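Chain naming follows the written order as A, B and C, and within any one chain the residues start at number 1.
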Amino acid sequence: MVKVNLWGSLRSATGGLTEVEVDAKNTGEMLKALAEKYPALDEIIEGGVSVAIDGLIYKEAWFTPIRPDSEVVLMPYMKGG
Amino acid sequence: MSKIHVSTSINGDAVEYLCDPSETLLDVLRNRVGLTGAKEGCGSGDCGACSVELDGRLVCSCLVLAAEAEGKEVSTVEGLADGDKLHILQQKMLEHAALQCGICTPGILVAAKALLEKNPDPTETEVRYWLAGNLCRCTGYDKIIRAVMDAAAEMRGA
Amino acid sequence: MVTEYKEGAAGTEYSKRDFKVVGTRPPRPDGVDKVTGRALFGADLTAPGMLHATILRSPHAHARIVSIDISGALALDGVKAVVTSNDFVKQGSSGNQDTLDNCMARGKVFYDGHAVAAVAAVSVKVANEALKLIKVEYEVLPHVTDVDAGMLDSAPVLHEGRKFRNIPEGNNANVSGYWEFGHGDTDAGFAKADIIVERSFKTAATHQGYIEPHATLATMGPDGRGEIWACTQGHYMVRDMAAAFVGMDTSQLRVTPSEIGGGFGGKTTVYLEPVALALAKKSGRPVKMVMTREEVFRASGPTTSSSTDVKIGMTKDGRITAGQAKLRYQGGAYPNITAMLGAMTAFAAYDLDAVQTLAWNVLTNRPKQAAYRAPGAPMAIYAVESVVDELCQKLDLDPIDVRLMNAAKKGTLSSYGPTFDEIGLVATLEAAKAHPHYAAPLGPNQGRGVSCGFWFNFAGNTSVSMGINEDGTVSVIEGNPDIGGSRASISMMAAEELGIPFDKVRTIVGDTNSIGFNDVTDGSRVTFSVGLATIKAARAAIKNMCGRAAQVWGIDADAVDWVDGAAVPMGHNAGEFPPMTLAEIAKDSAKTGGPIAGHHEVNADGAGVSFGVHLVDVEVDPETGFTEIKRYTVFQDAGKAIHPDYVEGQMQGGAVQGIGWALNEEYIYGEDGKLQNAGFLDYRIPVASDLPMIDAVILEIPNPGHPYGVRGVGETGIVPPLAAVANGVSHAAGVRMTELPMSPPRILAAIDGAK
């Protein structure tokens, strides 16, 4: 199981939680498991998210491995100038 | 409306063109003569990207009618280098990395050349005020000012 | 399978090395073209048989389009095609549809300057005549342009019936985005504070102000194949958008980027290109479009304006106990995420136990905002850094010491979620504190301002290809428009990795058919991502060359290493054969297996965040309210500066854009909802005589995610100046300034108000 931290405004999709647990070994599995467990997150994940694993931000990289003790943060999709 | 026939000199070459009475010198340089070094950043004389010299006077070519060039001498950025030898100002702009995107560079070079013709030993403040009509959004002007000061020093020594 | 991707995992890339090329300052490869006038920018290209097109724009801030009659325009001699929104294809995603609707209004006009129709004709003059013959019937609607007014229940609704995701109850129909970030218990944090300062701030919308107006040249034949030449930060983006909007396959549209005359984020979207392509399709002729400066201001994206409340608690000795910010941004008539980025960055410089940021985006009758250098961060950090400064002032504490005491560092849980890896904030603050600028005496009416700044930096999709030529030189193709000298830095990284001199490498920016896909030049990503891909492409070529040498020598490929630009036998073969240089291997390439090339494609990660600290001394004239910048010093972590001149250039340029934002620049709207200062005379960007030299101090705290330690440097520089200048002015004027720009009338009013 990995602990996933969500940004605050996603609480409405998880019944008030900002930290949830899912079973996943990489980013793709994690996103899939999140969408299954919390259907309201599906649309948000489909719309594009970033994932920070142990402090590094990844964009849509399905095969990035996640260790059980990794710090995992779901972040909104970001864009610069 | 009939066109106006103009005989002029551009960077030392005799040039003739036909232009509309309402056409600017910048339009003619870019669209009829094929010299696209002068840029249009605003069309209202506020940015200096279209700077050229007209009989030795620094002007915004977007504010000069093409017909006004009759019998005059026009100098543009394309006339700055001597064949394959760059002008000292051009060399110094490169040495000091005084350009990023480069869109303002032709205007800055023409304006700086006009300054150094009048004042070969300008202070930093004089360079800053002279170039105040040439907008640059990339560099913060620091390296441009250094390049012009350095070019002036080298030209005085040369 | 998972471990296959390990090599691409960020955080594992950096290794310390001695550089030969990286860190030097060679002349830029595009320099001579740019000082001789030979470089071709967006408006510099012509094509045989070319038409010129211009755009009819809305005179209203908000109106329903009842009807458009183009028959008069079509009847005019010399007019070859007219398009309206009917000539474009409906889009599947709301984001693309918004971009298309912004290029050509559909049903409603949302702002003064919104495009309604376009005409292609034999000259600009004829096209403009034809615009006057287009009859548009409007039903004028009430409008709103201010961010706070836009959030009132009484505000006119822009997109009736459109639902936006995740908007809490109690917000009106113009709120298109809402975000929350943070951690810890802020109530408990504020309870621990000895002092709490709570203030509200406003910032005006500013424009990127690139000197080159948007320009494009499009062709499309009856065979359905198209070509676009455009000044853009991303030609693959132009290709994908324009092809989707006119309804063609991307493979049939080739986009070639011109030299780009500044972008700063403003050229990361499309305005003219799909319109020119649609007109070219209809007329069968090449179509050129160039915006006037007025059009650039009225119809291309400025940044957002903002209204922010900040509350920070501090102990007497300077420890921040809690921080909270409520950020309200407006970015024009379509949804955007700039407020979200503001909420994420607001407190990024601090190591906090309790922090909360809430952000709203509200739609208004202004042009669709575009990214502007670290979008969202400057105005958020301006508000936070102003309050931190006021707390220091009230507690009589040194502003750099307080920032050092609270600074984010490796292991800090960031205010936006993840825990920081190696970051350079503390080193940057220490450098600022130790600099002579910080100890220099101040004169009368002068004040010194300090501010931190932060930007994430992004990476993303990147492709690079390089050919090893038979004469021992190297040709590199990258796919990101060179906006600040990246062809120089990419050539330098290729030369470094291959072990050859800089002048043996030439890098070009290819068109969309040259190499694989590339994200736009944004997020300070190019030196990082394209550099990373270039190094990996060079490594692929090196592997190939080592194999060639091994075959020639008759030894195992594994027994060959690459040292200083040559293949060298290793292990028990060491010294058996003289090194075989790149040029020697390349010369015989046809005989040893054919052309040698290297390429790399990646969706890069691990960009590495960047922090900066700015110091400024200002002098405020109490009679006129005029502010003069007396001295300015920028400190920024570059990870590794590939070409230090261009790193300094980014820091200096960003600082000066921020100074303009702080002191002069502002979109001014009248009661009628029309932009009142759409020109460089009335929208005044900093000129040479406004400024002193801008000292730039580069720090190098290597980014673990890049082989050479590179961090993006393009954006962070615009973040600190707003607060740095505001703090300096507040000290000089003796009154806390809370609204940007701090134009002389505003400063005078504040001084008078404080009396």
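The criterion applied here is as follows: a residue touches a chain if its C-beta (ideal position, glycine included) is under 8 Å from a C-beta of that chain, and two chains touch if they have at least 3 such contacts.
Please read these numbers as outputs of a predicted model, since none were measured by experiment.
Note on interfaces A-C and B-C: more C-beta pairs are in contact across B-C.
In terms of the distance between Cα centroids, subunit B is separated most widely from A. Centre to centre, using the average C-alpha position, subunit A and subunit B are separated by 55 Å.
Averaged C-alpha coordinates put the centre of subunit A at 26 Å from the centre of subunit C.
We define each chain's centre as the mean of its Cα atoms; on that basis subunit B and subunit C are separated by 29 Å. For subunit C, residues that reach two or more other chains under the stated contact definition are 208, 264.
Residues of subunit B in contact with at least two other chains: none.
Only residues 1-6, 8-11, 165-166, 168, 178-182, 208, 264-266, 268, 337, 340-341, 344, 356, 370-375, 416-421, 455-460, 522-525, 603, 605-607, 705, 715 of subunit C touch subunit A when the two sit together in their complex. Every residue of subunit B that touches subunit C in the complex is listed here, in rising order: 20, 30-31, 35-44, 46-47, 49, 76-78, 80-81, 86, 90, 93-97, 99-106, 109, 125, 127-129, 131-146.
For subunit C in complex with subunit B, the touching residues are 25, 27-28, 30-41, 43-44, 46, 125, 208-213, 259-264, 290, 292-293, 483-485, 643, 645-646, 648-649, 652-657, 679-681, 685-691, 693-694, 696. If you check the complex, the residues on subunit A that touch subunit C are 5, 7-13, 25-26, 43-44, 47, 52, 54-61, 63-65, 71, 73, 75-81.
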